[in-house]
C-alpha cells in the first residue's frame, strides 16, 4: 500500500480547524466555576467559609499537577523506548493530549458540569480531562508507530467522545465507583486501542521489524516515563476521591500495590528468561500494572495487605502477558500491540474491575462505620434500597459496559482510520520518525568533536 | 580574536567572592518572616488563627516547587538541544540560577520585604527569586554557547539588579498586574538578552556552525525541559496570585492557553515545511508561547475562550518567528539568538503585555463583582480615582518601561561583557562543552562492550 | 573468582518469598491510621474539626511526592553516569526501594506507630519509609556495579532493620532532632555502605576500569537525577517537621544552603583542574552536599546566613573529597566507593550532625520564644530538666551512635554478602548491565536509518 505521507496541508488544516471549533464552543459554553470566579469572595460570605483554603483548588491542585506530569511526561516518555520513534512518541502524545483535554473539558462538562447554560470548570474538571486523555494515551500505545498524527487527532476526537459517554453511563447511571479508572480509563482505553489496532492490521509490518526494538539510551528515556508514572500513580488514583480519608486511603493503597508489583515483575521477568536476565520491557511496563489494578478499589477498604495482593497478582499477570500473550495476539488474532497495552492496561484493568465488584459486595458497616459507608459509596441517607451486594453487581455491570463500548467504538473508529487519505506510513516506514519529522543531519566533520567519544568510530 | 579560556583562577575567585558577599549580606539583612519563625505560635494566638494551615507555606509551597522545577530542569534541559553543549546548558544554568536566587532574595527583599532593619523572607520570596532568575535564564538562551561562566555570573548579577528595579517600578509605582511576568520576566528577559547578544555579535560564528544543530538524542533531552515547563506553567502563572479564586483562575487560563498553543505550533510547523514535516525546534519552543502570553492576564477575567485565543495566536506568531524572524535578525540586525528567545519570550511577552492592558481596560463590576474587582486589581476601597481604563493605560506603560529598561540595561551589560578578559570562547569553539568541561574519554577498547550496539561501529 | 551469575531461580525465589512474607505481615499488622480510615468522619466530630483540611494528608502529601521522586528518579538517575550501567542503576534502585519501603513500613511501624495490636499507617509513615530507603540508596551508591540484585535485596532487608533500630535509639531514646536525617539517613547510609564496600573489596577491579567512567549522554542522564534531588531537597528536609513555621523554616534554610553549595562546588571543581575545567562528577554530586549538611539543623534557628555558610563549607569539603579522598580511600584503605558517597553523604552528614549539636547547644528563649523553643525541640512543658546544652550533647551522642551502628552493621552485612552464592559479577564484568539484563541487539542494517547521524559511522 502506498499512501501519501506529506501532511503539509492536511495536518495544519485539521489542527487549525479543531482549535477554531474549540474556541467557539468554549466561548459559547465554558465559564469559571464559583471557586475560580471573582465572585468567590461573596460565595465565601454566603457559605460562611472563614478561609480561602476551602477553595477546591487547595484540595486538588497538587494531585492535578502530578496527573498532568503522568499524561505528558509519563506516557510520552514511556513510549520513547523505540530506537527511532522518540520524537513521535513524545511529540504526538503531546499533540493529542493537548487537543484531547480541550475536547474532554467540553464533553465531560456537558455531561457533568452543565448548569443549564454554561459548563462551569474548576480544577476537578482539569483532572478529569487529563484522565480522559489518559485513556487516549493508552490506546495510542497500541497503534504506536503505525499511524499518522492526523489519524491520532481523529482518534482522539472520537475516543474522548466515547469515553465521556461511557463514563457517564458508569458513574451517573450505574453509580459505579471507579476513582482511578481501572474500568473507564484503562480497560476501556486498552480494548479500544487493541480493537483499532486489529482493524488497522498490517500483514507486512515485519518490513520495519528492525526498528521495532530499542537501543541502549532509548530504554533509559523510557524509564523516565515509567518512573514518573509509578511515583505519581498514588495521586492519579486519589485525585478525585472525596476529601479527607478517601484521598488519604487511596494514596496508601496505591503506594502499597505498586511496590508489590515491582517485585513480582522482576521475579517473573528473570524466571522467564533462559539465563535469568531481566528484560527492560517488563520493568518499564509490568511494574506499573499494580497502579492500574488498584484503580477501582483505591479508595475502598481493601486494606494495605489487599493492595499488596492485587499488586502481586498484577505484576505476575502482566509479565506473563508480555512473554506469552502479546506474541499470541499478533500471530493468531492479528492484533499488533506495539507497547503491550493489553498487558499493562487491559488485563490489570479487568482485574481492577473485578476487585472493585468483590470489594464493594463485601462492604459493611463494621468495616466502614455507618457514615463512612454512606460517604464512601456516595449513598444518600434516604436511599434505603442500596446494599453492598447490589453495588457489587453494578460494578461488574460497569466493567462489561466499558468493554462493550471499547469493542464497538474501536471497530467504528478503526474503520474510519482505515480510509486511505490520512497520511499513514507505509509498512516499511513504520516506527520511523523520519516520515513526519525533520531529522538532524549527521555532523559534517568529526574533526569538530575532538573529545567526542560516543559518536565517533575509531579510525579504520 | 584569541581569548584565554582557562578559567582556573577567574571562575573560582568570582564564585567564592560572590558567595562570601552573599553570606555577609544575608547575615546583616536576612531574617525569617513571622510565618517561618518560631514565634509563629504566638502570632497565631494574636491573629486568632485556629490552624497551622493558614501559614502562607500551605498556600504556596506546591506552586513553589513546580516553579523551581521549571527554572532548573525546565530551562536547563530545554537548552540541551545542541549536540555538544548539554553539560554547559544544564550546568551553567544551574550555576547562574543558584547564584541568582540568592542575589534576588536580597535585591527584591530590599525593595519589597524590608521592615526597616531586616528583609523578612517566606515562601513567596523564594518564588519571586525563582521568577527573577527565570528572566536571566531567558537571556541566557539568547547568548547560549557564546559566553563563559564568568560572563554569565556577571550578567546574572547585573540583570537581577535591573530586573528588581524594573519590577519595583511596574508593581509598586505603576501598580501594574503581571502575575506570570509577561512583561517583567519574559519581555524584559528576552529583549535584555537579545541586546546583549547584539553587542556581543560574532561575525565569524559560522566557524562553529556544525555544532549549532542538534542530534537525535539531544532533542529528546530538550523535550524533558519543554514538557516540564509546559506542565508546570499553570503553577508559574498562579504562584503569587491572591489566595482563592485568583490562583484557581490563573491555573485554568494557563492550562487552556497552553493546550491551544500546541495545536497552532504543530499546524504552522507542518505548513511551513515543504514536505509538511514537523520541526523539533518549534515543538520544543513555540508550544510554550501560550504560557508566556498568558503571564499578565492569567488571573484576570479573560475567560477560558480568551485564553485559548491568546494561545492560538502565540503559537502562530512564535512559529512564524522561528521560520522567518530569527534568520532575519541574524543576517540583518546582527542579533544571534541561539535559542530563539525572541520567538518564545519576546513576542509572546509583548502580546501578553498588550492583552493585559486590553483586559484591564474592559474590567467591570459586572464581570468581577464589586469586591472581586477591588481584590483582583488590589484597589483599596478608599481609592476612588481608580478606573479600569486608567489601569489599562498603566499596564501599557509598564510594557514600555520594561522594554526600555531591557534595551538600556542590555547595552550597558553587553559592553561590560565585551571586555576581553572574561574567558569567552573563540568563534571556532562556540557551542562546545570541551572548552569549559572535562569531557569523558572514548572507551579504550570496544571489546569491553560485547553487546553494546549503539556506540560500536560495525567492523570494516 | 568465578561466580555463577545466572539468577534464573535465585532472584525470582527471593523476590516472591519476600513479597509473600510482606503480604502476610501486612495482613496481620497493618491497618489505616484514623486519618485514612472511613471512621475519620466520626473522628472529625469528636475532635471538633470543621474541615477535612486538618487531615494530615493535606499537610504532608506534596512533600511526600517530592521525596518519592527523589528516591526513585533522583537516586536512580544520579547513578546512571556509568556508561554501561544505566539499566542496573535505575532498575536495581527501583527494585530495592520498592521492597525497602514495604519492609520499612513494618519495621518503623512496630517501633513508632504500633497501637498494641496494629501498625496504623498514614502519609507520614510513607514519608518515613521513603527516608529509610533513601539510606539504602546511599549505601547502594558505594557498592554500585559490584553486586547482584539478590545481594541488594538482602542488603536492603538488613539495612532497613538496622536503620530502624538506630533511628529508634536516636529519636526516641536520645530524643535527638534530625528532621532531614544528616545522621540517621546520610551518615548512617554512607558509612554502612562504605563498610560493606570495604568487606567486598575487589583487588582486581581494574579489569573493568574501562567501564567505570561515563560517556557524554550518560552524564546528562545523571544530571536529571542531580537536579530532582537538588530541587526537591527542601521538601526532604521539611517533610516530617512540625506543622507551620518549622516546615516553612526548613524549606528556606535548605533552599539557601543548596544554592551556596553550587557556587563552592563549581569554584573548587575549576580550581582543582589544571586547565580550570569543570568536572561533571563534582557538579552532579558536590552541589547536593548542602542539602545533606542541612539535614539536622534545617528546622532549627540557624538563620539564612547560617544555612549559606553550611552549604559553602559542604560544597568545598565534598569537592575536595572527590579529588583527594576517594583515590586515597581506594588505594590505602581498600574502600572502592563507586559513586563517592563518602563525599556526598558521609562527610556532609557528619558536618550536619556537628552543626546540629552546636545549634542545639546555643538555642535560647531569646531566639525561639518560650513556646517556640518547647515546640521546636519537642520538650514537654513539665520537663524541667531539659537544657539546650544537654540537647547539644545528646545530638553529638546521636552522631556517634549512628556511626557505630553503621560500622558494626556494615561489617556483619558485608560478611553475609561475601558468601559466594549470591550471583555477584566477576571482576571483569563489573559495571556492566549485560550480566543481568537482556541488552538490545545492534541494529542489523544501518540502511534502516538513512538519516540517523549519531549511531552510524561514516563509510570507510
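Think of it as A, B and C in the order they're written, each chain with its own count starting at 1.
The rule is short, and it goes like this: a residue touches a chain if its C-beta (ideal position, glycine included) is under 8 Å from a C-beta of that chain, and two chains touch if they have at least 3 such contacts.
Remember, it's a predicted structure, so these values are computed and weren't measured experimentally.
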Relative orientation of copies chain B and chain C, as a Cα rotation angle in degrees, nearest 5: 120
Homomeric contact chain A-chain B: same or different residue positions, threshold half: different
Inter-centroid spacing, chain B versus chain A (mean Cα positions, whole Å): 31
Where chain C touches two or more other chains, by residue: 53, 58, 62, 84, 215-217, 224, 439-441, 443, 452-455, 457, 460
Partner chain A, residues of chain C touching it in the complex: 6-13, 15-16, 18-19, 22-24, 26-27, 30-32, 35-42, 44, 51-53, 55-58, 61-62, 65, 68-69, 72-73, 76-77, 80, 84, 86-87, 90-91, 94-95, 98-99, 101-102, 121-123, 126, 149, 215-217, 221, 224, 436-441, 443-445, 448-458, 460
Chain A-touching residues of chain B, taken from the complex the two chains share: 53-54, 58-59, 62-63, 66, 83-84, 208, 210-211, 213-217, 219-220, 223-224, 227-228, 230-232, 234-235, 243-249, 251-252, 255-256, 258-264, 266-268, 270-271, 273-280, 283, 287, 301, 303-305, 308-309, 312, 367-369, 371-373, 375-376, 432, 434, 439-443, 446, 452-455, 457, 460
